[in-house]
Amino acid sequence: MNRKNSLKHKLYTIIFEAETPAGKAFDVVLLVLILSSVLVVSLESVAGLRHDYLPYFISLEWGFTLLFTIEYLLRIYATPKPIKYIFSFFGLVDLLSIIPTYLSLLIIGSQYLLVVRVLRLLRVARIFKLTRFINEGQQLSSALRASVTKIIVFISTVLTLVVIIGSVMYIIEGEASGFTSIPTSIYWAIVTLTTVGYGDIAPATALGQILASFVMIMGYGIIAVPTGIVTVELSKSAREQATTRVCANCHQEGHPLQANYCYNCGYELPDQKS
Amino acid sequence: MNRKNSLKHKLYTIIFEAETPAGKAFDVVLLVLILSSVLVVSLESVAGLRHDYLPYFISLEWGFTLLFTIEYLLRIYATPKPIKYIFSFFGLVDLLSIIPTYLSLLIIGSQYLLVVRVLRLLRVARIFKLTRFINEGQQLSSALRASVTKIIVFISTVLTLVVIIGSVMYIIEGEASGFTSIPTSIYWAIVTLTTVGYGDIAPATALGQILASFVMIMGYGIIAVPTGIVTVELSKSAREQATTRVCANCHQEGHPLQANYCYNCGYELPDQKS
Amino acid sequence: MNRKNSLKHKLYTIIFEAETPAGKAFDVVLLVLILSSVLVVSLESVAGLRHDYLPYFISLEWGFTLLFTIEYLLRIYATPKPIKYIFSFFGLVDLLSIIPTYLSLLIIGSQYLLVVRVLRLLRVARIFKLTRFINEGQQLSSALRASVTKIIVFISTVLTLVVIIGSVMYIIEGEASGFTSIPTSIYWAIVTLTTVGYGDIAPATALGQILASFVMIMGYGIIAVPTGIVTVELSKSAREQATTRVCANCHQEGHPLQANYCYNCGYELPDQKS
Amino acid sequence: MNRKNSLKHKLYTIIFEAETPAGKAFDVVLLVLILSSVLVVSLESVAGLRHDYLPYFISLEWGFTLLFTIEYLLRIYATPKPIKYIFSFFGLVDLLSIIPTYLSLLIIGSQYLLVVRVLRLLRVARIFKLTRFINEGQQLSSALRASVTKIIVFISTVLTLVVIIGSVMYIIEGEASGFTSIPTSIYWAIVTLTTVGYGDIAPATALGQILASFVMIMGYGIIAVPTGIVTVELSKSAREQATTRVCANCHQEGHPLQANYCYNCGYELPDQKS
């Protein structure tokens, strides 16, 4: 029992952690396998290559899937809380990374869903000891999260706008220029407002082009809003990061550079420059 | 008389407010009706669906319109100031949401204007108790309003530019490449400067491509201006929000929201929440 | 002599200034004439309209040109320094606004250059008494001027990049996909880096699409640079505007909000909040 | 021996420096030669011109290459540390600027690689005595370098996104709309997320257009991130440049460049320029 537990613990250290040499080696192998398997799935979808090398692709795919299945089962075995692991984000990604191959026996084409394996790279990112990268990522995502209500308000406004613009363009342009229905026209409005501009649908009448010009110039201003929101949040978090003076009395952080006294307890702060 | 008034008041509470359970239920039903009716109008415009299900679409449309008409009349009845309501923003939107159906008896195609109903969602937004969202929306729109003169100057400059660029391109490219007239060329200039770039009209001569390259690189700088304006305004309003507390002792401004003591003189700050 | 001078002065007040009722009326008439004449030139270029209404267009054009010629001669007569006026920016624009019509007798099509008249609107902008607008415009253009060296460095980098990218794409893609020469490929690189993306030329080979993907993701970062430059300059000028405290001793402006003493002469500043 | 050394030194001053009149003249000649040779390579690739003037192009190319080869050999001769020069950035660029012509005897088309000569302009930039430009360039590139981890995190996120989006679109749209393989679909996802939008590949099914709309609106937010990062870094470096003076009496930081006295305690500040 004790021996089994120690094996379990050893496995856990290798599979889930990256501090030991064995754990590091495991992660490097996993990284290579994930990248190779995504590459194989991508290349299989190229008609010319599929025609010539289909048997090889299928063998490789099943090989990767078997390896990942074994890894998945070992993870369930090694973790002390299997249920929690299975329903965690990484547990679901690990499962989704193997299901499509088995599913492809029933549904042709489902193997292309295997690219979801690319999400597993997030797990392997640990091996780079990229705490600095993770910090930056958290800073970015916290900046985005801080502005989430602003972004929801913004996207609601944009969606209301494109529904109205799309419908008006449908009435003005009609089916001759490709505005075949209101949903299609709404799609055109999104393509235009975001300045993507495929050109598969484009206004052909004078009135439609005038309205489109208004939409584009409006899009100028609209594209500025998310940029402004994100910039302000990022600059806020950068400023907070810059002011890391700590009060010796109450350990409160984040004092402005010009502060003389702790704003939390009123204790005098040490001089910045001495 | 009193009973009638109390009925009127009850109706008012249900229709115009969202605090009572009945008022909340009314708003939820309204939300569903509005979204469904906009969806029905959109789907009706798809040729395949219109061909197969036209009678259903027409029935649904008239159903929604009758419900909204009853709601409109009840609103006029319930409000203490009917005239003010009718000519308010929401009153006009409510009216515009029912007129196109009646108009479609006379003018074919006018029912597509019913998508204006999407604006009614603004009214129903209340049910989410989204005061936080409304605050954010006000912050965004006040940032935009604060920079309205800058934006007018900017748009005037852009319009002057596109008129001149469009005319020069019309002379250089001519009708062979799709620059069929000065207004069309101005439309092309707007499509290019805003980086939408449909490609339905594109320069084909060497000289035209050189000029277009200049326009695009200029567009780089030009698209930066509204972004800069909005960012500065947003950051100003964010800073103002953060720094409106003043020390009663030394009049130092700019205390963080969580501060208890002035960082300049150490004096206790008044409590933020009282 | 005196009478002639007083007539000259009166003319000067009407034509060059906008404070008197006559001066204002003159500017309003001029505004309408300029907008109408640009509209006529634009509409004349539309093939359908030119075919039907050519005589009217030609009459209107000559009418406007004669009026503007008279105005130009009166301006030369009325101004105390005619030479300075003729070679000033506005003097040259005024001249360029009438020459193309006369030129069109010799060179067909040159009348389209008349749209340069749109620049004359700058002169008429005065009548709106838009000092606030002019201030904002100056703020914008001073922000752009302050960052002119940064922008030159940036554009040189972009130009070096597009020459190299364009040549490599020419070698990779060749003439089959529309990359017919190095200048054309450089044009494509500019279209792509600026995210305009017409799609008249697009990579078709796998290698070309991989390189194009790199260019586009690089373009992400590159388009951020001018925006960053302009935002920083605008925010700097906004901050300077915000700090308009004046020293009572030396009249130095621009003291920070938290300042206690004038940074120029050391004199104590009046308390901000009392 | 001494005489030889003095010749070597004189050559070094002329070729590597730009302070003497001879050195300046050398750089101006070099600038003209580089620009002309890049122009010749570009024009040679235009089919019409190549057909008519091929012998002239070849002569000019060999002429430029011989001149640059002589220059390269002189540089190796004149520099005191030839090995260090050969493997320096500029040494490699100088070599790459002459190799393609010799290579074109063996491999047809390799002469187009000569555009790499455009990089030599970096060297000649000195003659403008553009220390101010170099400062600005350093400021820009240090701002970019400071945010390099943030940008790597960002690009990794974007690459993960486009792999998943591309695969899903491949399954939804299939080969009919141009999504012929997963790599092609990933290319489409990059074209769309970066708002380039060629339109050579565009979704045609309703489901594909809905997904594409999500991608574009997401792209709105995503394009805001690099802009935010660069803006914050640029504004940080601008702020640091402005505020590095410290009061010797009260250690207050953040004095404007033109300040003579500390704004906090009124103490005289040390002179900025000594």
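Letters A, B, C and D mark the chains as written, and numbering starts fresh at 1 in each.
Definition applied: a residue touches a chain if its C-beta (ideal position, glycine included) is under 8 Å from a C-beta of that chain, and two chains touch if they have at least 3 such contacts.
Just so it is clear, the structure is predicted and the values come from calculations on it, not from any experiment.
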Between the options A-C, C-D or B-D, which interface matches B-C on more than half of its contact pairs by residue number?
C-D
Would you mind telling me which chain pair, B-D or A-B, is linked by more contacting C-beta pairs?
A-B
I'd like the Å distance between the centres of chain A and chain B, where a centre is the mean of that chain's Cα atoms.
28
Chain B and chain D, separation of their C-alpha mean positions in angstrom
40
Among all residues of chain A, which ones touch two or more of the remaining chains?
183, 186, 195-199, 223, 227, 229, 231, 235, 258
The answer for chain D against chain C in the complex is residues 38, 41-43, 45-47, 109, 112-113, 115-116, 118-119, 121-122, 132-133, 136-137, 139-140, 143-144, 151, 155, 158, 183-184, 186-187, 190-191, 194-200, 223, 226-227, 229-231, 233-235, 238, 254-256, 258-269
Chain B-facing residues of chain D, complex
195-199, 227, 231
Residue numbers on chain C that touch chain D, as the complex places them
149-150, 152-154, 157, 160, 163-164, 166-167, 170-171, 175, 180-183, 186, 192, 195-199, 202, 206, 209-210, 212-213, 216-217, 219-221, 223-225, 227-229, 231-232, 235-236, 254-256, 258-266, 268-269
